[in-house]
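Alright, structures below, take your time with them.
Two complexes are shown next, each including subunit A; its partner changes from subunit B in the first to subunit C in the second.
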Partner chain A sequence: MSASRMNVAFGAVFTGAVMLLYLPILTVALYAFFPVERGSIDLSAPTLGYFADLAGNVSVLEALANSGLAALLSSLLSLVVATLYAAYLREKSGPFKVAFEALIYAPFFLPPIVVGLSLLLASASSGIPRGVATIVLGHSLFTLAVVYRIISVRLANLPPSLVQASADLGASRLQTIRFVTIPHLMSAYVAAGLLAALLSFDETLITALVAGDTTTLPLRLWAMMRVGFSPSINALVVVVVGICLVLSLAAFATLSRETRPA
Partner chain B sequence: MLRAAPKTAGEYVPLVGLRDVAVDYGALRVLQPTDLTIAEGEFLTILGPSGSGKTTILKLIGGFLSPSAGQVSFKAADITGLPPERRPFNTVFQDYALFPHMSVAENVAYSLRVKGASRSERLDEARKALELVGLAGFGDRKVAQLSGGQQQRVALARAIVAKPSLILLDEPLSALDAALRHQMQSFLKSIQRQLGTTFVFVTHDQQEALAMSDRIVVMNVGRIVQIGSPAEIYNDPFNAFVATFIGRNNLLPATPLPEHRDRFTTEIGVVQARSGEAAGVDADCQLAIRPECISVRRRGLELASEQKNRIEGVVREVAFAGTHYGYRVAAGARCTVTLECSGRHNETDGPLSVGEDVEMSFDPQDTRIIRT
Partner chain C sequence: MSARHILTYLVAILPLGLFIGYPLGALLWSSVSTSNEGAVTYTLAFLAEALSSPAYLAVLGVTLVICIATAIISVAIALPMALFVWSRPARYQPIALLVLILPMFMSYIVKIYTMRSLLGLNGFFNQLLLTTGIVDKPTTLFLFNRGSILATFVVLYIPFAALPIYLSLERVPANFVLAGRDLGASYARALKDIVLPLASPGIVAAALFAFILALGDFVTPQMVGGPSGMTFGRIVWSQFGLAFNYSLGAALGIVLLVVTVAALAGSGLASRALTARMGR
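Moving on, here comes the complex of A and B:
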């Protein structure tokens, strides 16, 4: 097969895959903006009415607020814990470090149902009431893997001579952390924080197990779909996809700027 | 921020001292017990091949490394255990180590910032330091926007802004191209004169060391081999290592003739050394003759001046080096002599070519005895 035919073949497969993935989402989005009359879509009357319905729905707004709060708090918690781990493990090597890092990465790769059940049992036996607090803990646990990875790699890239230069110029250890190390990590913090918020925002399975009576946006969506389809479900999907899209684009823009060679 | 340089030549005030300082990495001793005194206001170069321990000495002075034994002192005080941030020395790092997230001015003013100086004072001092290194108006730039030579100047400005007692420079010119390196050599030297600050400069480049230094410390395999002015080091090398590491040299194994005090048998015949040099030499040694001290002419031509050491040979290699021709001439059974002839003052009546029979000669005054 010639190179140009190969290109055409690859192009066709790629286009097919993209269509398969994104057409359903596009269809749902389309249905969120146009009324449906007797099974067929009426493209002549675009409307934001379904979004207005959502904005007036107290339980949806409450779920949105919970999701936002959980995403914010769990990503902040992840950032703090990941920084401490990265700083601690930076000087370490050998089997101890490998084992420690495996423990950090495990919750991300374990089946969510296992992580969720473990957290459920832990909260039951420790007496922590289920709610936003347990959601935040659960989300931090599995976003920590991603956040730790980004921060530890960035920290490893800090040239030792910068730290030496700072000390040489009279800075105390705390001043070096404040003026050199943290600014060096800043773009990693932004990227890791956005990714953690994104992962937290659309997480469903672990959340379902540890949420108790609290509802997050994905849980609310799930609950609405079980009752039966309504146009506001389409609108809610658009909202969830939109937020995820913005977070992931921002995260990857930061990451790619960060990894570009100086 | 400018400090006058009142030091008159010959005035020697000890500033930093190393006493019996040794460094071990595990079982490996990278620095043998070493004594060194650095005088106030001098430009001292530590010169040696890689692994000779020169950067180890720099780290000991800067406080980045603790000696396994011995003492480091500043003026009269023992500073052996003092961390870098509490020593009044600043370093220009090999990779410059500029902070990439700060502007040029913020980099320069960093030492003032950690001391708590006000913003206006910082900006003012940074501006003056940048002016001094020839980068006036560059304060707002990002470090990444500067060329290697400009980054080098920023690193220097950052090191001098807090008026340290001593500046350590760790092979700062090694990343620059040849033309820029020459320019930076004279620039560094003139800044040092202007400030009167003590510079301790580490390099493996002997030409750099000769061009810039008041004194040179030559190191090899963890020891100081020789300390002296550039002329002393070049003209009176202590041993074969110094003779060949600083500049180039022809080293001839030699045996003294018992009845003639200054005469030696060598592979290329009997050679007369500088008179008086040979006192006390009664064992085998080496004779060192610099390539530029040997004159050469086509065999059969009349000698322009009568010299005592005359050797016949055959040209094996010719290399044109711009300012001179470099020749390698086979002489005796197994010996090759390297020599240089400046284009204008040679006595050869035009450049020699490979295969020509020549006669070389050199003055006994230019022959050094290296004890082995």
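Moving on, here comes the complex of A and C:
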């Protein structure tokens, strides 16, 4: 096959799969803005009524608050912990570093059900009740791998000559960290933080096992789906996808601005 | 190592041991013990049941087949997608990449919901069949079976397979392809003999991601699989709900852990073998 014909074939698969991935979500989103009667949609009378219903739904608002809190706390926690490990392991090598990184990456590579199960059993055997704290812990473990990876790669790219120059110019170690290292890491922090918040906001399987009686937005949506169809689910889908979209576009923009040569 | 080094090492490993090592230990411990009003007894009965019950083994077999099929189909779709993005001019690559991986972040639970509304009684496929007159009443052919689980897994995990493939393609120097073409290879031959071998670690990683993500999933099979769509993940999950048997749940979880570690090790070996063959 010629190059152009192969590209047409690849393009066809790409287009077909993209439609498969995007169209169902767009259709559901459309249903959120129009009244639905007996399965058919009335396109003549757009409405925001389903969103108003959501705003008055206490359990949805509570789930939204929990999801937001878990995303904020777990991403901050993983940023701090990932920074400490990236700094500690930077100069290390050999089996020592491999062992540390295996532990850091493990929760990301194991199936979420195994991680969630382990945390659930740990909370049962240690007597720590399940709730927002265990959700934050579970999400931090899961996002730590991603955040550690981004920060450690960026830290490795910091030219040692910059740190030496800073010291030669009379800066203390703290001043070097404040004025050289942190500015160098800043955009990595923003991207990693956004990505961690996004992963936490979307996390369902670990959360289902460690949440106890607490509910998050994905768990709430899951429960609403099991009960059956209601138009307000479509409105909630729009809200959830909207939040995910904003976070991921922001993370992508930060990362791609960074990789562009200055 | 000096005493100070050992001390910092211990301080550094402590949080990881506490929050990762301890839970995994609790999983192992729960699978071999049961407590009754504070009295703990140790037993291998739960592990034996998890490994020998014909019912669990049958479900494990079905689950492995679904997960392997998910890995193969996801890679078969993700590979041409990644090749398409990779062969775009540099200017358009970031936007094409964004389109490729954005669905990864568009909410797991929402995607299951949309697949359900696509495959369901009032869903898109049924509407299509009804309007075209192929069927005269809605069919349940699309939902609540193993096929619907597989289809949903593939839709969920294509982006997770596409990303590692694209990242490994990105590392193939463009002039390798040009060199191959100069030496008389067709574009297809250059892809097959130069690009794909170099990208093989990414392809193996893609299959591994899709396999592992599908392996432990218990929400998808429940929502689109119905009663006939029992998977191993659902059995594990049910031990912590209605069945309320933590020890058996832990033992079944160990089985999933072992399968995962085997898949990780197998893909590591496959990756190494493919790379080594290339070196010759």
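The rule is simple: the second predicted complex is superposed on the first by the 256 of 262 C-alpha atoms of A that agree within 3 Å, B and C clash if a C-alpha of one lies under 4 Å from a C-alpha of the other, contacts with A are read in each partner's own complex, and residues count from 1 in each chain.
Heads up, the rule we're going with is that contacts are C-beta pairs under 8 Å (C-beta built on N, C-alpha and C of every residue); 3 or more make two chains touch, one makes a residue touch a chain.
Here the structure is a predicted model, which means the values were calculated and not measured.
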| item | value |
| --- | --- |
| Joint occupancy of subunit A by subunit B and subunit C, clash or fit | fit |
| Partner chain(s) touched by A:Phe179 [first = subunit B, second = subunit C, both, neither] | first |
| First, second, both or neither for A:Gln164, with subunit B first and subunit C second | first |
| Residue contacts with subunit A in the superposition, subunit B compared against subunit C | C |
| Touching partner for A:Asn57 - first (subunit B), second (subunit C), both, neither | neither |
| For subunit A as apex, the angle formed with subunit B and subunit C - C-alpha centres, to the nearest 10 degrees | 100 |
| Touching partner for A:Ile104 - first (subunit B), second (subunit C), both, neither | second |
| Lowest C-alpha to C-alpha distance for subunit C against subunit B (Å) | 18 |
| Common ground on subunit A, meaning residues reached by subunit C in one complex and by subunit B in the other | none |
| Subunit A residues touching subunit C - in the complex, by the definition given at the top | 1-3, 6-7, 9-11, 13-14, 17-18, 20-22, 24-25, 27-28, 39, 81, 84-85, 88, 96, 100, 103-104, 106-107, 109-115, 117-122, 124-126, 137, 141, 198, 202, 204-205, 208-209, 218, 221-222, 225-226, 229, 233, 237, 240-241, 244-245, 247-248, 252, 256 |
| Touching residues (chain side subunit A, partner subunit B) in the complex | 159, 161-162, 164-172, 175, 179-180, 183-184, 186, 262 |
| Subunit A-facing residues of subunit B, complex | 62, 64, 83-86, 89-91, 93-95, 97-102, 110-111, 113-115, 144, 158, 162 |
| Residues of subunit C defined as touching subunit A within the complex | 8-9, 12-13, 15-17, 19-24, 26-27, 29-30, 77, 80-81, 83-85, 87, 94, 98-100, 102-103, 105-118, 122, 124, 155, 158-159, 186-188, 191, 212-213, 215-219, 223, 233, 236-237, 240, 246, 249-250, 253, 256-257, 260, 264 |
